[in-house]
Amino acid sequence: MSIQAKPLHSVGVRMKRKEDPRFIQGKGNYVDDLSFPGMLYLSLVRSTYPHAEIKSIDISEAMKVPGVKAVITGKDLEAAGLGWLPTFHGFDKQMVLAIGKVLFQYQEVAAVFAETRAAAVDGAEAVQVDYAPLPVVADPFTSKTDKVLLRPDRESKTNHIFHWEVGDKDGTARAMASSPKRIKQRLWFQRCHPAPLEPCGCVAYFDTMGRLQFHVTSQAPHVYRTALSLVTGIPEDKIHVISPDLGGGFGNKVPVYPGYVCAIVGALKIGRPVKWIETRTENLTSTGFARDYHMDVEIGATADGKVTALHVATTADHGAFDAAADPTKYPAGIFGIVTGSYAFPVAHAEVDAYFTNKAPGGIAYRCSFRVTEASYAIERGMDILADELGMDAVELRKKNFIPKDQFPYPSALGFTYDSGDYHKTLDVALETIGYSALLKEQAEKRARGELMGIGFSTFTEAVGAGPSKHFDILGIKMFDSAEIRIHPTGAGIVRTGAKSQGQGHETTWAQVVAEELGLDPQTIMVEEGDTDTAPYGLGTYASRSTPVAGAAIVMAARRIREKARKIAAHLLEVGEADVEWTDYKFQVKGVPSKTVTMKEVAFAAYTNMAQIEPGLEATYYYDPPNMTYPNGAYVSVVDVDRETGETKVRRFVAIDDCGVVINPMIVEGQVHGGLTEGFAMAFIQEIQYDAEGNNLNTNFTDYLVPTSLETPHWETGNTVTPSPHHPMGAKGVGESPNVGSPAAFVNAVIDALSPLGVRHIDMPLSRDKVWRAIRDAEAKKAKQA
Amino acid sequence: MNLQYTGEEKIPASLDKVWAFVTDPQKVGRCFPDVVDVAVQDATHFEAIVKVGVGPVRGKFKMKVELVPADSKRRIDMKMSGGGFGSTVDLTSGADIVDAGDGTTLLKWRGQAEARGPVAAVGGRVLDAQAEKLIAQAFGNVRQQLTA
Amino acid sequence: MKIHVTVNGVAYDRDVEPRTLLAYFLREECRLTGTHVGCDTSSCGCCVVVLDGTRAVKSCTMFAAQADGHEILTVEGLAEGGKLHALQQGFWDQHGLQCGYCTPGMLLTAYALLKHQPNPSEADIREGLSGNLCRCTGYLNIVKAVQQAAATLGQPAGATK
Amino acid sequence: MKQCSDIDGTVRNNPLLAVYNHIFSGSPLRRPRGSTRAALPRQEVGDVIPAAFDYLRAHTTDEALAHLQQHGAEARVLAGGQSLIPAMRFRLARPAVLVDINGVGELNYVRMSDGVLAVGAIARDSDIERAPWIGDRRWSLFYDVSRVVADPVVRQMGTVVGSLCHNDPSGDWTTVALASRATVVVRGKSGTRRVPIDEFLVDSFATAVGDGEMALGAEFPIPDDRTAGSYQKVERKVGDFATAAAAVQVSLNADGTIRSAGVALSAAGACAVRVDAAEQLLAGQKPSADLLRAASDAAWHRSAPQADLRGSVEFKKHLAGVLVARGLRQAFSRLGVQA
């Protein structure tokens, strides 16, 4: 038998992506690419009012539009027991189609099914809805007063959704009171939207066996199947969810949206396939938004800059329904990571969420459940503290970092950080950017009145939810799974409950299996997103693929290795105890000449297995013992134009530590993308509502995505501190750059403006806001002088 | 988006004549610029269809109008809601009617427009031009017709 | 109305509604689904195709009727004789894509760019691609991909791999 | 768990199950009933597909005009369509008839003749951007603007004349046309007329082109070799309309004094505006810092912008001043003069 000539080392290799050939040739398979005989198109009628009673819905004109087959309203769905849909938060539900009243602008009001896209739109246009406007609650602070009750359907007659808190309230208050230095700042992390370039959508039909075939843009297909079964009553075995290629997700494709339910109902009632593809406008105005946290950050410290206490009180705007896809026990997600990379002896964090007449959401936008908000809060807070102390931002951070010898480190808010070497990561960043030279340049520029800023973010996040004792969604524990089958020729297939949206699972998972089994990654196929074939998993978001599904793959591969050892022993004609796995093959202990490869074992598993059970496959469900805690040190250098308020990001260095890296090329790509989204939030991206509740950023002409021209040239690097509990020592990374970078940008701009006395500006740092801050600061200075 | 306009018309007619005019739905309706049709429902309610044409944006705007005369006969408020091209616009305008003494009457008006839907989001500037035109010309036409 | 459009060298004679946008004509009439639609406002460039060999156009902002009698090149037509176009190779080698949704538009915009600027600098490429949005890559590797393609295409015939 | 038991509740007696169990029994679809009240304005719809229209392709100017005169206000000219088609997708614009002039070969030109740069109605923005003469200093205003109109792909379809006819308050070409003193050639029933740009731009999205008429082209006087310009645009990102923009073009006399100046602003009013005061105070003077400051102030005073997501009124007014100063400074330095 042939021994593989090529080196078998797979993990850590910059392997080109196996999925790319289809994408670069236009052969990707996205939901809107699907077409079935007799397929109808669904178009939704949406509310023009943010808050109004529906006096009547007249569909008679719509039914006359050529090609229109049916129009469905909230009343029809209510009659079918489908008026409401449970949110993934679990403790709230949302209307599928408005019943009685609308609660946000662009809310789904009626569903029109027609033979063509155009006819569906014509039909939707012809539906006449008579609204009686109601008073609008456009922000959480107005909501707090309960003057207007938004959700009379709920038991508790208040707009207050929940109060959540963690930490030592009294201890924090005492420590704060006795701290010689204190800072307090209101920080608003504005409402954003993930806006993947492919909008959400689905095709639903019932096959000849009465099975629902549901092709949908989903980051969590299995959860969809269970949720759909619970909501519609269709037995789970009669639901087949297929999530094909996804054109990005970033958290936007985790929740179940009304359009999906309407498509299924239409397919069921009309008996034909129904396609619903969201437009960009619908995507930005009605599907899961992110952030919208107003955070009052308070930090106490000693005079020489040792932090003594942290208190964060947050007012959260959750929109019309509480659709934040958070784990059941964590209504504010993992916001408790707000102590960041610093050794706070005591801390207290609280979040109060309120309903408003805005789109529902609060999803984890490239973020491990509110970790982005938390990181921004602590990293901005530390800079404001440095400013207060007249201390260098780097010095302050280093002074308060959790020392590497204290890991695993129990944080003041109840997390156990697995590993990290924060000083080292920051030193690499300082080295790369040339900090001392920059400080010199900055001093010279300031002397000339020029505005140059250097900003840092040395964040730690918690990713890979999560241990079943803590984490579940709709009651389903947040494990993940893998199934591996090795074929007679040594090729194989791996399936997981995760779902790639561009992260390159088809490549990295093959690398992991190849590494563990000494096989060729080019012959390991990866399949995800099909609930008929993939083992049950919670899906891909919150950077959980590698920490959870990735671990499941390693464990399944190791199970295969144990089975293979028996066969190897049989082939080597020795006892199993005498066989060891070394250098990617089985070898008789102490006899390097006597080896068999996994390829040979695979063939034997089907052709020559003696008394051993035939076949070579394994399944593993992985319940992580803890989350992983990737960290990073980011440095940003900016020049601000006094006259126009324009900020140029001259350099940006990102040093990440995500433990063991499976494919450095892919990790770099993830970091580039995350930094770009962080850059967008820091400078141009926001979903705004005016006081009347009108959404002002309804498409890409006003919800701004940076182009190649605005986007800085990223410089990346990494340090490696393996996770002690992950079978490969890996941590999640997809979100780190998005979580860590906003503070680095804002800190840099504020540093540039600090000589003028500017202490804070809320994101996005538009030219207008920055110019205004400069002007006001100069006016103030002139007054004092 | 929320837009506000103000203006004043000096009308060579007595206060009573002006009052009679501005409280008559049929007459007021005819004062809208490019009005195509006025359908009076009762003494204080009517629907008016006006032609809208700014650059690429051309279509018919249907307005539901309510007149709210003050008992003082010194003020009339007008609530208009309606729209076209996929959007709704709520216009509210009020006019203080002041006897200038010299046999003329002043119409001191203030208008406010609020748009929802694509027009607000996509064509805000288009709408602004229209709303201002609608209100300003309406009062201008009141003067013209009372002058004629 | 009846139109005759040549797409990737293949003639399509179809009867379409005047309001049919070219993007939907390509996707639904020609079943060439590599051309994507990512926005309503001509902002994202996922739908870019090449018109008459040299002009990159956003096919969601052009009616199929306007393509009558013209030649369209879509991503499906880039590779020749089973050999990837240098741009496709560049995107693959340089990890110039992640979710792949913007990739066809990027490829065709770059294709037209290289027709007019065979040796673009990083600045030229960043400017030339600024009508196409990418949400995944941060553009850096896309720039590298186009640079690689320019170098490949710049080599004398036969020298390319 | 609470929420799950809720769902179980809906499961236990879910009427949909009945429907489901009989999906193949051909039970007729129940059509929801609705009242028949007086029609209100149409509601928000998701999809963005234009309303139906008739498409007419013109091969000659005469043919195009015939169509336009036949259909009047119901018809719109389709040139680049980069503003019209998005407006139609949102059904803001719903013309009954589109007259496509992209096939009118006689309107596809960019040529120098009789002292003017003549740009035909279907000449693309990119035809200017890539013109062989665009690098010449005298065309520096055009060089600048041709690289910041919309985005590089839109420019390959969008037209210069179309931008003038669209007359967006934040447009780029309208502003450049003012600074360079362009003329628009308009043809209608009564024949062809040449309309100075100041008269052509009537109001937001409104021009001197009437129903049944069309703009055949634009004419820009060819600047002499002691002329240079600059286009200064602040935008939130590529492809955005201007937050504020300034177009300047200055010609010097042999003695270094300013013979003439064109100064115009975008996003500073109902449509692009000329800063007459600045043009007057520049004429005859030698470039100097004080002169620039004065022109900048004039721009600030002239600017009457509208607040929007791009910026506040005061910010846009401020930018108008800053950008005019920067534009003049660059134009002068292109002429080798430091101001």
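Some observations on this one:
Order of writing sets the chain letters: A, B, C and D. Residues in each chain are counted from 1.
Definition applied: a contact is a pair of C-beta atoms (placed from the backbone, for glycine too) under 8 Å apart; a residue touches a chain by one contact, two chains touch by 3 or more.
This is a predicted model, so every value here is computed, not measured.
When the C-beta contacts at A-C and at A-B are tallied, the pair with the greater total is A-C. In terms of Cα centroid distance from the overall Cα mean, chain A ranks first. Separating the CA-averaged centres of chain A and chain C is a span of 30 Å.
Between the Cα centres of chain B and chain D there is a gap of 30 Å.
Averaging Cα coordinates per chain places chain A and chain B 50 Å apart. Chain geometry summary: the mean Cα position of chain A and that of chain D are 38 Å apart. In chain A, the residues touching two or more other chains are 48, 105, 117-118, 125, 279, 281, 696-697, 699, 701-702, 705, 707, 709. In chain D, the positions touching at least two other chains are 39-40, 42-45, 48-49, 51-52, 86, 88, 90-91, 151, 238-239.
For chain C, residues touching at least two other chains, in rising order: 17, 19, 40-41, 43, 127, 129-132. If you check the complex, the residues on chain A that touch chain D are 43-48, 56-61, 63, 69-73, 75-76, 79-82, 86, 90-91, 93, 105-106, 109, 117-118, 120-122, 124-130, 206, 210, 230-234, 265, 268-271, 278-279, 281-282, 328, 474-475, 643-646, 684, 688, 696-697, 701-702, 704-707, 709-710, 766-768, 771-772. Chain C makes touch with chain A in their complex at residues 17, 19, 24, 27-28, 31-41, 43-44, 46, 74-76, 78-79, 84, 88, 91-93, 95, 97-104, 107, 122, 125-127, 129-143.
Those residues of chain B whose C-beta lies close enough to touch chain A in the complex are 1-2, 86-88, 114-118, 120-122.
Residues of chain A touching chain B in their complex: 48-49, 105, 125, 281, 690-692, 694-699, 701-702.
Residue ranges of chain A in contact with chain C, taken from their complex: 16-17, 19-28, 30, 32-33, 35, 117-118, 195-199, 245-248, 250, 279-281, 501-504, 665-666, 668-670, 672-677, 699-701, 705, 707-709, 711, 713-714.
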